[in-house]
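All chains are identified by letter, namely A, B, C and D, in their written order; residue positions are counted from 1 within each chain.
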Amino acid sequence: MDLSWSDAEQAFREECRTWLEANVPTPALPSGDTRDGFAAHLEWERALHDARWAVVSWPAQYGGRDASLWEWLIFEEEYYRAGAPQRVTQNGIFLLAPSIFEFGTTAQQDHYLPRMSAAVDLWCQGWSEPNAGSDLAAVSSRAVRDDDAGGWRLTGQKTWTTRGAFCTHVFGLFRTDPTAERHRGLTYFLVPLDSEGVTVRGFGRLDGDEGFAEVFLDDVLVPDEPPADADPQLAAATMDRGGILGDVHQGWGVAMATTTSERGLTLRSPGRFQATAHRLLELARERDAEGRLGAALADRVVDAWVDAEAYALFTLGDVTGIVEGRSPGARSSFNKIFWSELDVRLHEAALDLLGPDAELDGPWMKGYEFALSGPIYAGTNEIQRNIVAERVLGLPRK
Amino acid sequence: MDLSWSDAEQAFREECRTWLEANVPTPALPSGDTRDGFAAHLEWERALHDARWAVVSWPAQYGGRDASLWEWLIFEEEYYRAGAPQRVTQNGIFLLAPSIFEFGTTAQQDHYLPRMSAAVDLWCQGWSEPNAGSDLAAVSSRAVRDDDAGGWRLTGQKTWTTRGAFCTHVFGLFRTDPTAERHRGLTYFLVPLDSEGVTVRGFGRLDGDEGFAEVFLDDVLVPDEPPADADPQLAAATMDRGGILGDVHQGWGVAMATTTSERGLTLRSPGRFQATAHRLLELARERDAEGRLGAALADRVVDAWVDAEAYALFTLGDVTGIVEGRSPGARSSFNKIFWSELDVRLHEAALDLLGPDAELDGPWMKGYEFALSGPIYAGTNEIQRNIVAERVLGLPRK
Amino acid sequence: MRFELTDDQVDLRDAVQALLEDLCPPEAVRSAWDGDGRVPSAWDALVEMGVLGALVPESAGGLGMTDEDVVPLLVECGRVGLPDPVAPSGYAAAAALTEALGDPAAAGSAAEWLGRIASGDVLIPVVDAAAPVVGAASADGFLWCAAEDAGPQVLVVAPDQVDLEPLQSVDGGRRPARVVRRGGEVLLTGDVARSVSVATADRLALGAAAELVGLGERMLDLTVGYVGERRQFGVPVGSFQAVKHQLADAALAVAFAGPLVSYAAHSMAHGDPDRSRHVSMAKLRASTAVRHAAAASLQCHGAIGYTVEYDLHLYMKRAWALSYEHGDPDAHRARLRDSLGLASGRN
Amino acid sequence: MRFELTDDQVDLRDAVQALLEDLCPPEAVRSAWDGDGRVPSAWDALVEMGVLGALVPESAGGLGMTDEDVVPLLVECGRVGLPDPVAPSGYAAAAALTEALGDPAAAGSAAEWLGRIASGDVLIPVVDAAAPVVGAASADGFLWCAAEDAGPQVLVVAPDQVDLEPLQSVDGGRRPARVVRRGGEVLLTGDVARSVSVATADRLALGAAAELVGLGERMLDLTVGYVGERRQFGVPVGSFQAVKHQLADAALAVAFAGPLVSYAAHSMAHGDPDRSRHVSMAKLRASTAVRHAAAASLQCHGAIGYTVEYDLHLYMKRAWALSYEHGDPDAHRARLRDSLGLASGRN
């Protein structure tokens, strides 16, 4: 066991902290899930990119620093400790990029990744449909071959698309073989939202932000990949109009690559929860100084704080394994369940500290509302518990 | 709303309290689930019977007082408040008697009920089998018709039979029609344990008492009911050798009568948990007086105490409804879940108060071990939650 | 012994339930968010029906009912998420003024205010001036319980005798404000003021507990309906055991909170010496049970519950707010610790 | 940065695991209940392998290892439910005596005792004389941390210098007793005695936490095996979502306790200034997680788990006992409150 950071890692942390201290906007930006706030966040994203902090673990050619997973953890820790803004580009970076790295052609990687890290292309996810939420394989949006136009024509409806009203592109699964069963016959499409036939309707989220959208597609043409020997400019223009990631009918596997990616959402950076735990502790100390902290409530603060530390340590173990080539596999469902429910507990403890003021629309209530989405999105915790039971513990499916 | 007791009910309570104060044995009897303890408990049961406290809500002709359900509640409250011994006859009184009242012939009622209330016949239940626990309808013990002998021949194995090694009779379901499916083709038999072909093997329970037994039946003859015009003495002798309750192949319905009986196990008397809550409070006050009661732990005591009160009030509502002819129906599953998990919480809080001494083999640890069986027996709480969801809330079965 | 509403009480409750279902559907609650936090048609109908004056003595123009009659109606107000201040004004303040009728010096003002309450004016009780006061902006007055240096006082305070600092609640139908008092008419002092202050705090807590129970039942109804319809993996979501058990647990918690609320109403009506304890039991359990129901409801809805276009959030946010108002769970546990003789448990 | 055992540590742990699986099956634990609470064959093999002397410096006849090496072995002792006092004697007492080697006056006795521990003698540490002391009856001596009026002392106490009052534990493999000291040889006094006392209490707590993690994993293994085989309603019990989710939750709790135990071992080994805090985190979470695992295991087993003929109870009762020993969850939460600067939270 070696819990020390190398000199290079320490230097990385220093550089990162110094830059964040100098650049994190104050006062805090308005929510990135509102129209005005999103614009402000885009400026921040572009500043991050210019200083090469947008995607530290990516190759330099795509805007990254070739940072190790340890350095990525350090970056995240510093980012949350600095109270830096939420990442409105995260659905591209965490959900789509891993699949592009694994399944994209070199041409696709070269085209899409730099535009993503520079916050030029702004990606939202098109997983859920009105009748396909937890049951992702039930998607009914379809894509029909159009040989004359040299591509596919997409029709259907996607929903719960976070920040969809502010983004430029959507990625998602469409049924290309209507005769195949469920997981089969799906293809992973990339679609610009300014394509003809796309309509986006924003709607309100629990916390009052216009953070969700429905995306309607009506006979939207997505062109085939340009031939390898195509004129580069022409090829770029074609890819600007969208494309297919991975093989036709193989979209399920492409999508699943995200869910097991170590840089995906399942490995939520511990820094986020440790920063929240730290703020919780500060709040409890204020109450304590006022002589208004009950011991029972203090114990709930202790429990939540301990769990944030436990999550950080569990993640260190995961990352050690990944760095040494051992994938956590289905154990990543442990992470998803734990961080999402921890986040709720941290905020509940804070609201309890606020007592009669808890209902006021402050940062803790906002944070609580957001935390409540954690057990629902990215695979409900019911699904995650099934995965733990069946794939980690080995209980029978039926 | 009228939360006062009538003069008659007050007088009943006084009589009951006075008798209990004079008669409850001190020191407390050893556990009735041990061989010696069981014998001591039998003496107590017979004293109860002689004073007509054994089955207060039964008709006087069977040893009762024709007490109302309210008076039964009063009796139970006083019984637990007085710290009177556990009822080793309870499986007969609570599980079998309701079915005899509903399905027994007059001859069976006249024969079995007085012997049960007098603790002459000591009944244990034969529900579970090695492969039929929660899934009671999976019983495989069978009964085959023997016309020559004028009865049925029973073969099979029953298990988890509480106090089976000390009892005189067993009741349970046997498969009389092997071709019928699951719930169908079962018959409810009454069997003396001294019948030829019965073997009883006691074994140990979690709490160290020899409280369980397996009952093996090998070609055990249970005679048909004597004809209505039979000589009374001969009829009694026949019934002494066992019989069938209800109709052949209709045993499932007979057994289920118990589970919905207001005097069955689902309506656990609140007095039991209020008495435990009272002891818990006393323990907490002792710790408090020593300056060793943390506020967080005090809060757990408060929560458990409140829940014991809530259970008592919920039961008052149930009893009001029953008295006025409204059956609680599937809502009785609420009671089972609540009292069984409340009992665990009450004991956990007490053990937490004991701290390093919690592991010692005292009454709280014993009580905790017993409480842990609550969520398992009489229909696991998983089954009860299914019932609540499907029959109270109306969620779809499939 | 009979632990159940009388037939008359059931009839009144059912009538109020029908009225509110008709006049306070989710759309009306949404309008209240966009407007001033009121649903005028429902309020007027409740006034018409006598609900606001239910507790007001007949001599003062009311129905002369008791806590036992009124508390079940507050459950119904909660069930529809009515944002209007029925509980503070028509229950807690009305009961306090009824006490004040017994004091010759206060009787005149008290009778006048009771009449105004019965006809729909709003008198908001304030027992903890540090906490946000809901409905302050549209109040016709405040019934103020003050702990002055000279001793406890109960006052009636006019809107122009206070300074308001409006606050934003997570529930847009509530309009909390911090209120600072600059004047007022002293109604009661001394021991009577003290006991009226305690009883007013108790009724505010019990009123919130009753509304919480209604909200809990409403959220569960919504959720049971949704998971019975919504299909995933080829079956209704509600057929999954994980969903069933979450909802069974939440329903169980709410089912056991209800009797504590009824019991506390009985205690208040009969002046039971342990009534404050019973109120704390009711508010504690209603708060924890309904938070539990809110969490289960949201989780079982999945993403749709997380949108403002769906109705769940209207009831959930009200439930959150009420669970903290008039004594959060920790505050009532602390009062119960004292009441149960565990007062020194402070380590 | 590397949060994982070294290959050498893994090899040693695997060897101990294999040895214990072989020599301490459930039947051996049962025999210990009927006998004197010991499993001699396993103990002798562990002595032979050097486990009892793992922490003893090489100069005193041991392997000179650290907390990081030894704690994973205690997880394995827990996994098989070994009742023998490996953690108290071979870990907590051995570490204390190693500290005492640095004091010229104490070094002689300390070295002698370290040698005896490594060769299998039992030295039981006592840091809280009011609490039951497990294994007291078969101890060759006690390492006694006493808070005398004159200041802290660490003593070695012989069996004939104590009075024992035997107690009955729910776990028949444990032999607790109340121990009253009548004499003893003072090894350390003053600040060194104080710091050794704290470190000894920490190691006792951490040893229990490590055993708890092993017990939790063992109970879950047993349960997963059972519900995979046991059929009801025509399917394996383990295919019901309610069973799956109970076990997933319990496994999750245990999985997140493990890293806290490893981290605390690292802190103890490296003298981290926050080591006591880290130990409290580990013991708190190991206790709550493994109680959770015990409850889920029993419930998912149904009635069979409730019998003494089935093995589950052997591990469950040990888990209960260890969760209370050397600081129950409330005690460690209190220490964490202080450590996190919430010391005055006493209302």
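The rule is simple: a residue touches a chain if its C-beta (ideal position, glycine included) is under 8 Å from a C-beta of that chain, and two chains touch if they have at least 3 such contacts.
In this text the structure is predicted, and so the values were computed from the model without any measurement.
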Pair sharing more residue contacts (C-beta pairs) when A-D is set against B-D: A-D
Between chain B and chain C, centroid-to-centroid distance (C-alpha), Å: 41
Distance from chain D to chain C - Cα centre to Cα centre, in angstrom: 51
Numbers and ranges of chain D residues touching at least 2 other chains: 240-243, 245, 330, 333-334, 346-347
Shared-contact residues (touching 2 or more other chains) in chain A: 294-299, 382, 385
Chain contact graph, described as a line, ring, star, complete graph or other shape: complete
Interfacial residue positions of chain A with respect to chain B in the complex: 294-296, 298-299
Partner chain B, residues of chain D touching it in the complex: 128, 130-132, 167-171, 174, 176, 231-233, 237, 240, 242-243, 295, 298-299, 302-303, 305-309, 313, 320-321, 324-325, 328-331, 333-334, 346-347
In the complex, chain B residues that touch chain C: 1-6, 9, 70, 281, 284-285, 288, 291-295, 297-299, 301-303, 305-307, 309-311, 313-314, 316-317, 319-321, 324, 331, 334, 337-338, 382, 385-386, 388-390, 392-398
Residues of chain A that touch chain C when the two form their complex: 128, 131-135, 138, 159-160, 203-206, 208, 212, 294-297, 351-352, 354-361, 365, 369, 372-373, 375-377, 380-382, 385
Contact footprint of chain D on chain C as seen in their complex: 240-242, 245, 334, 346-347
